[in-house]
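Next up: the structures, one after another.
The same chain A turns up in both complexes below, where it pairs with chain B and then with chain C.
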Partner chain A sequence: MDCVVTGGNVKVLAKAIHSLSRIGDELYLEPQENGLALRSVNSSRSAYACFLFSPLFFSRYTIPCGHAFRCKMAIKCVQAVFRSLSSLEKTVEKCHIELDGEKSRLTFTLHCKHGLLKTHNLSFQDSESLQAVFDKESCANMLRAQPRLLVDTVLHFPPSLEEVSVSVSGERVWFRNHVDDEAEQSKAMLTELCLSSDEFDHFAVGAQTSITFCLKELRGLLVFAESTGLPVSVYFDEPGRPLVLSVTDSVLEVNFVLATLSDDSNLRNHNNNNTKQARSPPPPDDFMNDDIDSYLIAMETSELAGPSDAPAPRSPSPNHTLTTQPSVAIHRRRLESGEEEEEEEETEDTERPPNKKFRSLFFGSVCPSDSQLTNQTIKSQEVLASDSDDDTQASLP
Partner chain B sequence: MPLSTQSQTGDDNYVLVASLDNVRNLSNILKAITFKDHAIFNATPNGLKVTVEDSKCLQANAFIQAEIFQEFTIREDSVGFQVNLTVLLDCLTIFGGSTVPGVATALRMCYNGYGYPLTLFLEECGVVTVCKINTQEPDEPIDFEFCSTNVTNKVILQSESLKEAFSELDMTSEVLQITMSPSQPYFRLSTFGNSGNAHYDYPKDSDMMELFQCTKTQSNRYKMSLLKPSTKALALSCKVSVRTDGRGFLSLQYLVRNDDGQICFVEYYCCPDEEVEEE
Partner chain C sequence: MKFRAKIIDVGCLNHFTRVVNTISKLTKTCILRLTPHNLYFVLSGKVASGGVGMWCELSQANFFDEYQLEGVAPDTNEICLEVTPENLSRALRTSQNAKCVKIKLTKKHCPCLTLAADLPTLSSISRVVTHDIPVDVIPRRLWHDFKEPSMPDFDVSIYLPPLKTMKNVVDRMKNLSNFLVMEANLNGEMNLKIETDLVSVTTHFKDLGNPPWGDDGSQGRSQSRDPEVMAHTRVDIRKLQQFLMGQQVNPSKAMCNIVHKRIIHLILLHEDVSLQYFIPAVA
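Up next is the complex of A and B:
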């Protein structure tokens, strides 16, 4: 294998490697007919990324003939070759990647200014093929945006945030931080951003849906996309199906495939072909139509009584406080059994901000007390490992 | 820690008095060789030489000529003592290390001779601090017996490019190998780390190469831990000369310009690593 990258493309290559380092610890390298593929996957196999550089990206691209060559190496070692990204543009004229089959070494040679030559001989391991199976085109929903938009959006979430939830309707998309049900409710801070469809280059929502996935991996892609200025395409379906983030131009195709939290009791799928399935999560907000009243009861009581574990049932009041959350309406429409329900009117009393506990009910975090739960929620609770003891059904009028 | 006492009167007893309008002209250079606590000071009418050594394999010297000082009076041919360099630097930078344009800390360094402490008077904006640091009997610095007649290979490089290489050196490598040769690769720095090996090659016709005099191909390894401190001197310098002699001993000489543009020198001597080289 013998490839040469020149000029600004060296920085693109370096950025790709840094971006891959956000996914996994190992870099899988595979020179293919259609280009050089650099891939990485995380340890739990819930995130996969692939950068495919077409032969046109290189000023020279020769691949080993005969048997396919695949290798993997510690990504930190490759990152060490491309240190100080900022000075790369100014100092590196070209980068030569060569495979020395006899010595099992991959050589990166950087030709720099002033005649300085940096040669890195990295050892590698033969590896199996790393390929995620996904089909972007079959996804029901697709959004495309300038990277700047997404970067500005995720900026609002703390760097420590693990997961983010994205909900779409016909006209809008919401980004929210995902609060674990195990998190202390009183300390949880919920952040939500709403973007309208006209902020996107392309906005095609087939089915209203809400998915939750790991933010860190999205950030990994955004770091790369922002530096290239290329638009990011997001393909997704219902929860549990993988989310695909894609950046393409004429010489480069990037795909990040991330698992999303699934809605039902799906456990992680340990498929050999690496299809992405999520771990069993708390379903965001499932309840049957006729149990809406119980919810409202629960919510009303908790509001009036303050944070209490055992609210007494009272007469339902459909016109309850619910200031924000058009997203709530969406959640209600999406049910485990697929039933549609009439949207209950909610927004009435806008004096007070919604009770946090209430919000968390709708955002899928399960309340600590089982007496507040309705049938449906309990059913959904069954899939949760942590709250498996909350099996008692509250009998509410 | 600095000792603050009433100032001494009279210069009569001092064997060495050295004054600087800007203490940074001394402290900056000393920072470049502070990898060990103790330093051997040797003053002659030519100026001040400060030596720091490590495990008998590495020696760093800083030379501050008499001309750099605003006052440099020495009563004997050679005055020597040993002090704790860390403490000395703490005193020299007692008014804070930051530079404010127009404000400089002045230094007056006085030494009474054998057995007496080193007295430092530091003044900034009318505030005077007096420090007295205990001195010890100076150890004899190692003589690496490195003389120019035995030098086999010598290059002078602009520090800019070496700084980049040194900052990127693979620290998982125990040794730094320096290869100098009249033919390819001319001047090469190599590391052998966990991920593989890396080479930094400087061609002899590079515009970073100010002088290239290599007579024979030599490849020597030096412990990375010993050479790492030299990066501080490299950072301060504008030029560096790299020389090896027949035994493989390494001499690195750094040309440092101080705040006032005056030239000082820092040099490092290092023994080659005893392990047998392969290839």
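Up next is the complex of A and C:
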């Protein structure tokens, strides 16, 4: 792999990394044909972010041919390369990212003014592919705003605030701080900001709804969006379904997928049956299960395929809709009884713990998509071991 | 019991915010007394606050464009609330560019002071941010604790040196000792002293001037006093530091009354706000 980023794009790359550091502790890097994907996820799997830089973003973009290359690194190490944003802007002319397969290292070379070269050799670990499955286009509600509007909004909430609730009606949107703890409720200060629909570039609300999500990750995206000046699109449905924040331009696509609180009886009261009927039935390929409320972010993982193995799991399509893949079949089989074994997995079985469904704080188990599973209810699915890759148990955001 | 007030002038809003910020740095909770002409932020000097007393008086007409008050009873046009000034400070902080800020006493899940700010926007409909700050209503039988403190019978009264200078000195002294002695005399001299086993440090201030208090008892007493003799009081240095840390604006007048070995009474006068702070002596 050999990529070169020049000029102002170095700062964009740096900002993307700083933004990703607000999500999780590890940076997942995957050079794909359609661009370089930088991803991160938090330890409770309730927040995921992906920055996809198209080949046009780079002045040179060569990806390893043959088997797909995927790795992950401690994000703090990568942040150290791009530490001071203001000096980056002034002194760095280009950034060269090279893969040293033999030594399992990614070399970041910053070419600075006056012929100065700063070389950082970062070691990485092979990793599974990290990809959240979500479908923006099928969301009932979509708002688009200039980042300034959202920055001004979150300004009213203290930096320590964990969760924020957003309620929409046809003409207005309300942002409120969410108070979780019963004991806190009587003593906590409540802040509410009401914005009218004409402050937004686009305001499409299917039905009145109210969702609650973590503010920290929104702030992470806003830091990036504000510096690029690109509008932020917010896609969401009912409580429990993930919220997607998107920033796009011709060379870059950013998606932040955040879990929203479900099982909130207050929110349930908001959602009467009308909401559900108003939405069109989900496409057959979607994760379906009758219990819509428990559906949330599903994380697809697949083993890192060796050279002789089955082809690497899907090339990402812009919509990221889930389609039945060999990797999904692997999940399902293992979950059910372990009777059928994927031969390719045999050698790796003993070393790696079984693929797990991701449980997160916010929601129940995840159902892999497969038509065979439609009859299976949530209750019959076992909870497997927690993510073994998170050996360094980062504290929850 | 009703309270509604409105601020529309940006300068008044800034000024009010600064006062609230200062109070929020001095104490975690305090009493807010609302009367038809004034607002008071009060700390009663009990053990709970470490014996520290505070009395901050604002003339409402200097801040609010509209001010309506209906007290707890027809004959007592006053409301007494326990508030956390930090909440008020936070609510005001992000509303500095508001077109108008309204404060009302409301009953939400509990009694609240609701602050609603109309923020400027490009659209025709304004952006409204509302903060509900929970408060406790203080019953009348407890009001006697929150009366205006009487001027102590002081031994020496002296103008303070620039607060910033004092703060720098006290900050450094705090690293060396937990207690500080403040002494002053009627010759305009003040010393701040600390003493430990290893070191003693004294900072001397001269030519500070002594406020002329006029014809009251204290003046009489101090008139017969030898101007060279120092009155001193030993206090917890953190309390003095906390007082100095909170000051954001230079007051028009700053003075200090010392009751020998009993109490330090600090008085700051701004144009429309007065702040009194009492720090008790420690043995």
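By our rule, the second predicted complex is superposed on the first by the 259 of 397 C-alpha atoms of A that agree within 3 Å, B and C clash if a C-alpha of one lies under 4 Å from a C-alpha of the other, contacts with A are read in each partner's own complex, and residues count from 1 in each chain.
Rule of thumb we're sticking to: a residue touches a chain if its C-beta (ideal position, glycine included) is under 8 Å from a C-beta of that chain, and two chains touch if they have at least 3 such contacts.
Note that the coordinates shown come from a computational prediction; the quantities given were computed from them, not determined experimentally.
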Combined model on chain A: chain C and chain B, fit or clash: fit
Touching partner for A:Ser123 - first (chain B), second (chain C), both, neither: first
Chain B versus chain C as contact partner of A:Arg105, first or second or both or neither: first
Partner chain(s) touched by A:Ala80 [first = chain B, second = chain C, both, neither]: first
First, second, both or neither for A:Asp198, with chain B first and chain C second: second
Partner chain in contact with A:Pro158 - chain B first, chain C second, else both or neither: second
Partner chain(s) touched by A:Thr91 [first = chain B, second = chain C, both, neither]: first
First (chain B), second (chain C), both or neither touched by A:His67: neither
Touching partner for A:Ala188 - first (chain B), second (chain C), both, neither: second
Partner chain in contact with A:His114 - chain B first, chain C second, else both or neither: first
Chain C versus chain B - closest C-alpha approach in the superposed model, Å: 7
Residues of chain A contacting chain B in one complex and chain C in the other: none
Residue ranges of chain A in contact with chain C within the complex: 155-156, 158, 185-196, 198-199
Contacting residues of chain A [partner chain B, same complex]: 73-74, 76-77, 80, 83-84, 87, 91, 105, 114-123
Residues of chain C touching chain A in the complex: 87, 90-91, 94, 108-110, 121-125, 127-134
Chain B - residues contacting chain A, complex: 161, 164-165, 167-168, 170, 185, 194-203, 205-208
